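Each of the two complexes below includes chain A, the first together with chain B, the second together with chain C.
Now for the complex of A and B:
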C-alpha cells in the first residue's frame, strides 16, 4: 500500500520532469533550415551526390574528357547512360543521362578511366515531367562553358 | 480442369474457398465468431511502420488471433542479385533496410570478399566499424522515436531526428547520401575520412551522451511509458529460439548473443565492449536493451577513432563493376540493428551470381508477433509490434 503511494508520487514527479524538459526545448532555437529563406551551408553540400555532370575539359571547358570507351555504360546497374562516339576521333557526340533511373551509386564515376564524370551538388533540382529529367550532359557542359566565358 | 468442381481420388470435393483466396483469407475465412470482429491493421496504418498488414480478430479490446500479412513491399532483391554483377548489386544493399544500410553493405561485401579471397586494408576496416556503428545508432534513434510515437508521445521523435540528422551529416561526408548509403567496396571503402568527419564525430559523442540522459528523464523514466510497457508482451528465450529471433529481442530475453562477439568479423575483436542483455523480456526490457546498445556503439566508435591507423582505404586493383565471382559458395553474417543480417552467395563462375539469399532478421522477429499478441489488449499489441523494431522493406525484401 505504502509502496503503491510512493510509486504514484514518483510517477507524478516523472511527468513533471518530462514537462520541464519539453518546456525548455520550446524556448530553444529552431533546428531546421527554413527553405527558401535559408539554405544549407555549402560545407555540408560538398559531399552531397546530385545528378551527374561532365567534368569540363582542359584547356577547352566546352569539351568533355570522355573518350567514349563505354565503361560507364556497362557498369551502370540502372542502364541510365547512353554514350555515342562521334564520327571523328574519340570524343562523344551524344551523352545522355536518365536521372529517373539513376540510384547515384557512383559505379560510372568510379569506372571512368579518364575521370570525365562527377556528381553535381544540385540539391534544389525540381522537374515537372519525366522528360525534364532525361538530361543531355554534353549540351549542359557546352552551355555552362558559354556562360562562364 | 474445372477447379471449382474438382473431386479428388478420395472423393473429397474441393470447396470454392479452398481453391480461391490466399493463405491469409483462408485462415480468416471462417469469419468472426459470435461477439468478435475482424479488423485490418494496415497496410497503411501509421503504427504498422510502413506497409505491413495485420489481420486481427478482436473480442472487445482483446486480440483473439493476429496474423501478419507480408508482400506489400516485395521488391525481389534476392532475384535482382542474380541478374546483376556483384558490384551492380551493391546499391541494392542500401535499400533493403533503409535504417541500417551499412550492415547490409557489410554482409554483401563480406560474402563476396570471403568467396573471392579479398583482404581489406586496416584503415578501411576501422572506417567500416565507425560507419556501421554510427548507422546503428541512427537506426536505434528512429526506432526510439517511432516506438514512443506509436504509444502516443509525438515529441520524442523530433528530438531523435535532431540527432539522426547530425549522424546523417557525418555519414554523408563519406557515403555521399543520407539514407540509402552504399559505402563499402570490395576490398575497402569508397571514401576516406577527412578532418571534418573525425571532428564532427568527436563533437557528436559527448553530445549524444548528454542527450541520452535527457531521453532517460523525458521518456524512459516516464510513468506512462513504464505502465504501457512493463510486463507487456513477454517473449522468453523459448519462443525467441523457436522462431529464430536475433538481435535486441533475443538479448532482452537474457541471452547475450551478438554476431560481433560470437563470429567476429572486421576488427571487432580488437575492441572491448559489453553486450547488453536482459533485464526483462517484456517490451520495456527490449526498449532498455536498445538504448544501452546506443551507448555500446558510442564506446566502440570512441575506441576506433582513437586507434584509427593510417594507410590506404582500398586494396590496389580493387574489383571493378564488371568483376566476376569465382565459382563457390559463401555465407557472411553481421550484426545489424535488428539482429543477424546475412548474405548467402552461390556462384558458378559466371558474370552474375547463381543465387543470392538475404537473411533479414526482421522477418524472423515478426514471426513472434502472432504468438505474443494472442490474448493481449489491442493497444498492447501495437506496443509489441513497435518493440520488435520492424523495417518492412527488410521483412519483405
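Now for the complex of A and C:
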C-alpha cells in the first residue's frame, strides 16, 4: 500500500517533467522551415541522400574518376546502374542511372575503389514522368562543369 | 423565480449570446489547438490561410458545412439524427447559470451547480445513441467506453465540487464566487487544493479529451462513437466537445479560481481569462501525455480519485463542524 502511494507520487512528478519538456518546446524556436519562402541551410543538407552524382575529376572537372570496373554495377541490389567502358582507356562512355529503381542504400558508393560516386543534395528534384528519372550522370557532370567554368 | 416577459427576454438573449460564444470558442480553440500542437512538436502549425493561418479554422468549418451528409446503410434513422442534436443543445442550458460577471449571468438560480451536473449527463446519452444508432462496431465500442468512463469520472468530480459547496454553504454559483476574495490567496484553490486537483483530472476525463479520449481513440476505434458521422453531424459533435471543454473550464474558474473576482478590478474579464488559461492547459496536456489504457483509466478513478475525494470531503465536513 505504502509502495503504491510512493509510486503514484513519483508518477505525478514524472507528469510534471513531461509538461515541462513540452512547455519548453512550446516556447523554443521552430525547427521546420516554410518551403517556398525559405530553404534549409547547406550545412544541414550534408547528410541528405539525393540521387547519385559523379565526383568531378581532379585536373578536369568534366572528366569522371570512374575506371569502369563495374564494382558498383555488381553491388547494386536494384540493378539501377549501367556503366559501359569507352573504346580507349578505362574512362566510361555511358553512365546511366535509373533513379526509379534506386533505394539509396549506398552500396555503390561504398564499393567504388576510386570514390567516383557520391550522393547529391537535390531535395527539390521533381519529375513528371518515369523517363525523366532515368539520369545520364556523365552528361550531368559535363554540363555542370561547363556551368562552373 | 417568476416567469415574466422580462425574464423570458433575458433567457432568450443569454441563449443567443451563448450560441455565439460556443461557435466563436470552437473556431478560436481549433486554431489554438493546432498552433499549440505545432509549436509543441516544433513545427509552425497552420500558416498559409490568412495571416499566421488565422482563417484556417473558418475555412475548415466552411468545408465541413459544404460536405455531403453520408448515411450508412442499416442505421436507426431517428436516433442517428437525434444524437448530434442531443449532444449540442443541452450544452446551451449548461451555460445559463454560469456567472460570467457580477451582473452577466444568464439565469440566477439557487441550485445552479445541480442544474449543470444533471444536464451534463445528456452528453453521455448522445454518445450512446450515436454509437448504437450508427450500426458500427467501432461506434458501439466507443459508446460503451464513453458510458463507463463518464459514470466513473462524474463521481469524483461531484465530490470535489461538493467540498467547495460545503465551504460556501450554497449551490448558487454567484454566491460561491462572492464568498471568495479578489486576491489569489483568497480563492478556493488554496483552501481545497486536493479537490482542485481531483476536479482537474476528472474534468479532462469528463470531456473525453486526451489522455482520456478513449471513446474516440483514433488509433484504436477510428473515431469511436462519431465514426459514421459526416458533415453537420460531425460538426455538432465537434462543437459540443469544445463547448463542454469551455463549460468545465468555467465551472473550475468559478469554483476554485475566484470566478469574476480578480486582482485590481473585478469583472467578467477575469472569468474569461481564467477559463481560457485552463483551456490552453487542456490543450497542453493533450499534446504532452499519451493515451492511457482503459484499465488504467478506470483504476486511476476508482482506486485513487474516488477515495481521495471521499477523504477530502470528510475532512472538509469535520473541519467545518469543529472550526466554523
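We adopt the following convention: the second predicted complex is superposed on the first by the 117 of 149 C-alpha atoms of A that agree within 3 Å, B and C clash if a C-alpha of one lies under 4 Å from a C-alpha of the other, contacts with A are read in each partner's own complex, and residues count from 1 in each chain.
Here, contacts are C-beta pairs under 8 Å (C-beta built on N, C-alpha and C of every residue); 3 or more make two chains touch, one makes a residue touch a chain.
Because the structure is predicted, anything quoted here is derived from the model rather than measured.
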Point to revise | First, second, both or neither for A:31, with chain B first and chain C second | key: both
Check your understanding: So, A:99: does it touch chain B (first), chain C (second), both, or neither?
Key -> neither
Practice item. Give one of first, second, both or neither to describe whether A:15 is in contact with chain B, with chain C, with both, or with none. Key: both
Check your understanding: More residues of chain A in touch with chain C or with chain B?
Key -> B
**Study point:** Partner chain in contact with A:23 - chain B first, chain C second, else both or neither
**Key:** second
Check your understanding: Which of the two partners, first being chain B and second being chain C, lies in contact with A:47: first, second, both, or neither?
Key -> first
Practice item. Overlap the chain B and chain C contact sets on chain A and report the shared residues. Key: 15, 18, 21-22, 25, 31
Study note, to complete from the structure: The residues of chain C that touch chain A in their complex are 36, 39-44, 47, 284-285, 287-289, 304
Practice item. Quick one: which bits of chain A touch chain B in the complex? Just the residue numbers, please. Key: 10-12, 14-15, 17-18, 21-22, 25, 31, 43-44, 47-49, 74-77, 103-107, 110-111, 119
Point to revise | Residues of chain B that touch chain A when the two form their complex | key: 84, 87-91, 155, 159, 162, 165, 169, 172-174, 176-177, 180, 182, 190, 196, 214, 217-219, 221-224, 226-227, 320-322
**Study point:** chain C-touching residues of chain A, taken from the complex the two chains share
**Key:** 8, 15, 18-19, 21-23, 25-28, 30-32, 34
